[in-house]
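Which chain is which? They are A, B, C, D, E and F, in the order written, and residues in each are numbered from 1.
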Amino acid sequence: MKIVMAIIKPFKLEEVRDALTGIGVHGLTVTEVKGYGRQKGHTEIYRGAEYAVNFLPKLKVEVAVPSDIVKKVIAAVTGAAKTGQIGDGKIFVYPIEHAVRIRTGETDADAL
Amino acid sequence: MKIVMAIIKPFKLEEVRDALTGIGVHGLTVTEVKGYGRQKGHTEIYRGAEYAVNFLPKLKVEVAVPSDIVKKVIAAVTGAAKTGQIGDGKIFVYPIEHAVRIRTGETDADAL
Amino acid sequence: MKIVMAIIKPFKLEEVRDALTGIGVHGLTVTEVKGYGRQKGHTEIYRGAEYAVNFLPKLKVEVAVPSDIVKKVIAAVTGAAKTGQIGDGKIFVYPIEHAVRIRTGETDADAL
Amino acid sequence: MTNKIWLRAGLPALIAATIAAVPALAEGPTIDKGDTAWMITATVLVLVMTVPGLALFYGGLVRSKNMLSTLMQVFYAVAMTVLIWVIYGYSLTFTGGSDFIGGFSKAFLSGIAPDSPGGTFSVGVAIPELVFVMFQATFAAITAALLLGSIVERTKFSAIALFIPLWLTFVYFPIAHMVWYWAGPDAIDAAAKALEAADAAGKAAAQTKLDEALADAGYLFKAGAIDFAGGTVVHINSGIAGLVGALLVGKRLGYGKELMPPHSLTMTYIGAMLLWFGWFGFNAGSNLEAAGSAVVAFINTFVATAAAGLSWMFAEWIVKGKPSLLGAVSGVVAGLVAVTPASGFAGAMGAIVLGLIAGVVCFFFCTTVKNAIGYDDALDVFGVHCIGGIVGALGTGILVNPMLGGTGVFDYTIAKVGEYSFSTQMTAQVTAVVVTLLWSGIGSAILYKIVDILVGLRAKPEEEREGLDINDHGERAYS
Amino acid sequence: MTNKIWLRAGLPALIAATIAAVPALAEGPTIDKGDTAWMITATVLVLVMTVPGLALFYGGLVRSKNMLSTLMQVFYAVAMTVLIWVIYGYSLTFTGGSDFIGGFSKAFLSGIAPDSPGGTFSVGVAIPELVFVMFQATFAAITAALLLGSIVERTKFSAIALFIPLWLTFVYFPIAHMVWYWAGPDAIDAAAKALEAADAAGKAAAQTKLDEALADAGYLFKAGAIDFAGGTVVHINSGIAGLVGALLVGKRLGYGKELMPPHSLTMTYIGAMLLWFGWFGFNAGSNLEAAGSAVVAFINTFVATAAAGLSWMFAEWIVKGKPSLLGAVSGVVAGLVAVTPASGFAGAMGAIVLGLIAGVVCFFFCTTVKNAIGYDDALDVFGVHCIGGIVGALGTGILVNPMLGGTGVFDYTIAKVGEYSFSTQMTAQVTAVVVTLLWSGIGSAILYKIVDILVGLRAKPEEEREGLDINDHGERAYS
Amino acid sequence: MTNKIWLRAGLPALIAATIAAVPALAEGPTIDKGDTAWMITATVLVLVMTVPGLALFYGGLVRSKNMLSTLMQVFYAVAMTVLIWVIYGYSLTFTGGSDFIGGFSKAFLSGIAPDSPGGTFSVGVAIPELVFVMFQATFAAITAALLLGSIVERTKFSAIALFIPLWLTFVYFPIAHMVWYWAGPDAIDAAAKALEAADAAGKAAAQTKLDEALADAGYLFKAGAIDFAGGTVVHINSGIAGLVGALLVGKRLGYGKELMPPHSLTMTYIGAMLLWFGWFGFNAGSNLEAAGSAVVAFINTFVATAAAGLSWMFAEWIVKGKPSLLGAVSGVVAGLVAVTPASGFAGAMGAIVLGLIAGVVCFFFCTTVKNAIGYDDALDVFGVHCIGGIVGALGTGILVNPMLGGTGVFDYTIAKVGEYSFSTQMTAQVTAVVVTLLWSGIGSAILYKIVDILVGLRAKPEEEREGLDINDHGERAYS
């Protein structure tokens, strides 16, 4: 199993969620994060103080899936999260060795 | 070493923390997340607008532990976080290659 | 490729960011987390109720980098985040199998 | 023309006078410090009901990325209105001239000294005119601010900065003049007394004088429409202007698709309660003295509001299954709006009924009707203020009836309460509603178009996405 | 019975009269616009002290998942009280009948015209009765809202919706009638004068008349208990009702185990400061005219509050090691509560001492005692309002003593301040405290039980876990 | 010495008198209930402008980890000031003695009864002295609270707890006495009349009496400086004390390097609007009666504020490219500060000009100048209050000129408005500014040093990093 972790623009969440359910993935976990990268931030001014804000609000979406559908998941996320503008985000995939559903104790594939 | 990452119900944090210290795990990191899965959300109504809210507040608990105690950790978390109702959450385990304690520079096992 | 995940003290973020850009790493994702470990928390009192607060605010910094520079990254983060006092935090490194830049579809090294 | 004159002041001035034990001195009206104290207080209450009151009521309902832009727009409307008002707005509104607009004789407040007396609704009772000037300034300010609720979260600040002064000048001042400008009680009372006193020879001349005094008033005032504290001038006016704005500016990106929950109902609650608080100045202050119908308006502003808050809440509980806080406070505002024109005229029990109706009607409108039509009036300015204002304007025509516990309408030409006639009164009320809807609806539409051409109404999509706080003002509300 | 009458009004009415230079006209009491202006202002101050004041003070202390439910419950209490009050509450409270409850003669405010004069505490001085009606409405409203603080975060909204009207009817109205209802200064003054004037023949009859006038009052009023602005009626009453509620509803899930920190002490601070702000209307307004003991109550509401805020803060600093903001603002409320019954009677220095004591006593109670006993009075309604109210009620009996800078108690039958007797006064004070504790404690217990049977008091465990905002109201406070 | 006396009261007392129709009775000044009602209201307005007004304005601008410490410091300043004021502050400030400080004759408010009349600025018009006592208490309180803005986020609470009482005693009371203490209108009027009436024989004696009456005043008052509501006493005074504090306490850790954005501009907005709201009590209340220049101060407090808010906003829009909410509300405060000394003297149009200038000057100062110099006045107490206060103090000297629509300055010795002389007036104004800057600057520096030696001014670095809320108060603002 793998976890597909995607950093996306906040307003894209609903579309990504729909794309995933579209391919049969019905569970995911979302975290509010701040991202730093090529996309340039903005300047904020509070009286005399000017700040260049480089950390932009993003969402981190984590989905645990069977290894065989990772490609489909990546495609789905990419398709839904893409705007073509700088800051669309990244997808990272890493392996997991165990998965457990706390409620039932089911493990691995059954737990996803 | 592994990181045991558990998605749990927010009010279960204290119990999970106690269960872990009970088995000698004295460090963990918690993140507020929103989860989507089988557990159905609720409807919110603001004047004319009705929203079906499917993302529910959860906590993500990450614990880095030596590989040999992973099973015990899983058992401890499962035991503490379980309510038996939908939405209890998941546990995912993935490997880490290095661990460093910033303060001392100690690495791997000593760093946990 | 690896993800270097560091738990640091909040006010150290700017220094860590500078250290990373200093070694040519121009992307990272930050999450507000709460940490539990050796560093003791503080007591809060609200009228009759006294709480020992053991979870302290930390920042989780995640950087995806090519495997070959992991050591440099660890060194940079350690150098910048260290205060020498308990609670400086940890660094964990884990492997990633794929990386994708959503905007362009570029993968792996090009995506970082 | 008729020599009857229907007046906004509900309570017989003589009662007021005796209550207040203020003798009408030969050398003109006197000023009682109790009245001055009350009117200064009432004025600051109306200010606080707008900033921060209305600003928070609105701000809590938007997403946090647009919080500052909402607060800022309301503040701007207030500050700009205050300046325009003392420079020429007061003069255009409260001096004679035509039936539709006044003149510039009091521009820059010229001729108004600290001790210049301003008429009230009681013969021989005055307050410092400068206090009246500022009391009315706060009315213009909140009206301008109210309409913004329908176009928040997507309209450029520069557009609003330009729209506000135009709208006040071409829409608010004329309507306020039409409804509220008149010669005042002392002028009419004097002319009427002169007519009585006049011998056969002088009768004709005296009659002309009286007719002139009566003719020196706004169009709707002369039509006999009664609006104690601004149902037409403030609420219907801003409500329709808001709807037109919502239609011309268009829907917010993602409206209907994305979740757009209020970012802080706590702020909305604070705002609503400050609106209630300040509205006592708005309604009871509109009597211009601490007596008579001030007390009537005061109690009605309590009971109608409580009734409307509960009726919306219970309606929602029954229809949607849960009583929401947003519903309850929306009902509060609906009740305040509806009772505004009626506050000095209706009896307490009549006000309760009015509140109960307003709460249910506005609930139905903001939920069912709005969704059916599908426009994006972001904060329901139309559904609450325009609809509630119409309920109030028509309700006033009914509840003023002494048979229903109302105060009746005072006729200065005969120095007592006039006969109540349902048809006459309702005709006048309907006229006021229709004229206001047309003037403000059409006028606002033209002004929005002009602004759109000059600076553009709508923010860029990516700016709207990221939020107006950062893009229009370079700040974030919360860190 | 005695023909002495102890009166809530601290200051000799004649002084008040001369200060105010209001002549007592032959044809009945006159209304001064300064008094009307002040009383309208005072009334809206009491409203704002409740919503949003009290609502925020309470709301800030709960967890964010219960914020809206807390705000909503307070609003509901206010709105429902206002309607019930004008329909029958005022009549039951402020008309004669028995020593324990009034009648329905003024139900629906029947017979009260905009210009009906309502008595004050000065002979010959009146205010519009409608203003008095609403001033008192705000007292009933805040009392009903106060008790909710002990049962928030776990009690169903439907239970509260039912409990409030019952509690007002069977607990608040009777107690307010017992403490505050009397025939008024003019009636007694007239009867007393008549007795003097009466010749041998008429003496007996005149004496009967006076006795009747004196007998026409509430039980505790006749017992000689003095409570200037509501120490017993408002604070002890709501405080004991709250404790009973906390015991019957039970502890919040996880109480004592989980962290339950206030979700926004900023809101609690705003609320506390608005309570102070509005309390000037509450205390100084209770004199019913802008004179005499209004000024006394005004200054005492400043100094006792400041003293109590600091005494709690310093006590905490010494005992716990740190001075907390929550401690300071809790002291503020404790001081306001304690000075409420004493405000029109004590001298400024006496008020400071009272405040210092109240702050320390309530601090000790909310920390040590409460934890020792272990009930879950969520927001310390009992520890602050009931305990603080008792400190105030007893303190008033001492500080009213002219020897201690107090004003003494005015005796209308002899038109001057009566002799001060410690034992007499304290007996009366203790009686009032005990009667209130018993009536409210027992009455509330019965009503909670009835509500529990009819709709159930307690929310389901999972609903309580998830929060009442989403489950009772379908909303979230913050997004 | 001269027997001319320049007075703070702008409006001729006779006009006031006729407006108010208050007869100056032979048996001393009378109290009008309208004045009492207004002054009670004005006083609570000044309280609410400080807590929660100023506290929120400040609190919103700090980081959330220091929110409670900021709110707490402001509350502490208010509570402590209120107690000190009634114990000895009022006496030191408002009794005779030297030109620089009063005596202890009224310590513990001894000799002040509920009905003791306190002088106003109109001959024969009084208010209850106790009301004046508390009105002035709120001025001392806000001044003490204002200066804290420059040293928040790093100063220990214990240091502030010690500094406040010292500062009031050695800096505020003397300055307030110098500027505001005088014998009062009745004393001077009586002496002047006596002089007229006196025959050749009595002339000399009468002249001495008058000179004595005139001599019985504070140093700057006699110098002819006019400051209607506290430009020097409140704003320049706290502003310079704040700057000195910022320099002595030092910069916040990370100042200039780390981001320190306001944690809630919503709170800052609420605070600013409550400041505006309460400032009407501050300025219009400073006339001490509901008449004459109260009305002038009232309108000026509207227009100057609106003008300054907009001028800062537009200046920022032009210079920085975006109009910020923080800029607009900072302008609001700058305008309020600048109009404070001028409020009862300037005409409305003059006040607008003053506001426009104040907004731009303070904007320039808080951005360009401050950054150039590089001190860490955290919340710009110096840039807004001291600079704005100086603009106002000097502007007052110009705008009081009747030629510019000003009211002129009333001369009680000749019972009419005196000749206006630019040079005389400006000399007096400059003197007042310089004396205030020196006394407060030097005095504050000494007191900070003393406090530093006794308890230490600055929090430990790690405590400052973690935040003062947890370390000084053991609480967090939000959970």
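In this text, a contact is a pair of C-beta atoms (placed from the backbone, for glycine too) under 8 Å apart; a residue touches a chain by one contact, two chains touch by 3 or more.
Treat the numbers as computed from the prediction; the structure is a model and nothing was measured.
Contact with both chain C and chain E is made by B, F.
The interface with the greater count of contacting C-beta pairs, when A-F is set against C-F, is A-F.
Averaged C-alpha coordinates put the centre of chain A at 50 Å from the centre of chain D. Centre-to-centre separation between chain B and chain C, using Cα means, comes to 18 Å.
Counting only residues that touch two or more partner chains, chain F has 32-35, 37-38, 41, 259, 261-262, 264, 270, 320, 322, 324, 326, 474-476. Under the contact definition stated at the top, the residues of chain A that touch 2 or more other chains are 31, 44-46, 94-95. Interface note: chains touch in the pairs A-B, A-C, A-D, A-F, B-C, B-D, B-E, C-E, C-F, D-E, D-F, E-F. On the chain E side of its complex with chain B, the touching residues are 254, 257-258, 465, 470, 474-476. Listing the residues of chain D that touch chain B in their complex gives 61, 259-262, 316, 320, 322, 324, 326-327, 330, 366-368, 370-371, 380.
Taken in their complex, chain A has these residues touching chain F: 44-49, 51, 53.
Of all the residues in chain E, the ones that touch chain F in their complex are 11, 15-16, 18-22, 32-35, 37-38, 41, 45, 63-64, 259, 261-266, 269-270, 273-274, 276-277, 280, 284, 289-296, 298-299, 302-303, 305-307, 309-310, 313, 320-326, 328-329, 332, 348-349, 352, 407. Those residues of chain E that touch chain D in the shared complex are 30-38, 40-41, 43-44, 47-48, 51-52, 55-56, 59, 67-68, 71-72, 75-76, 78-80, 82-83, 86, 108-109, 114-115, 128, 130-131, 133-134, 137, 157, 264, 267, 270, 472-479.
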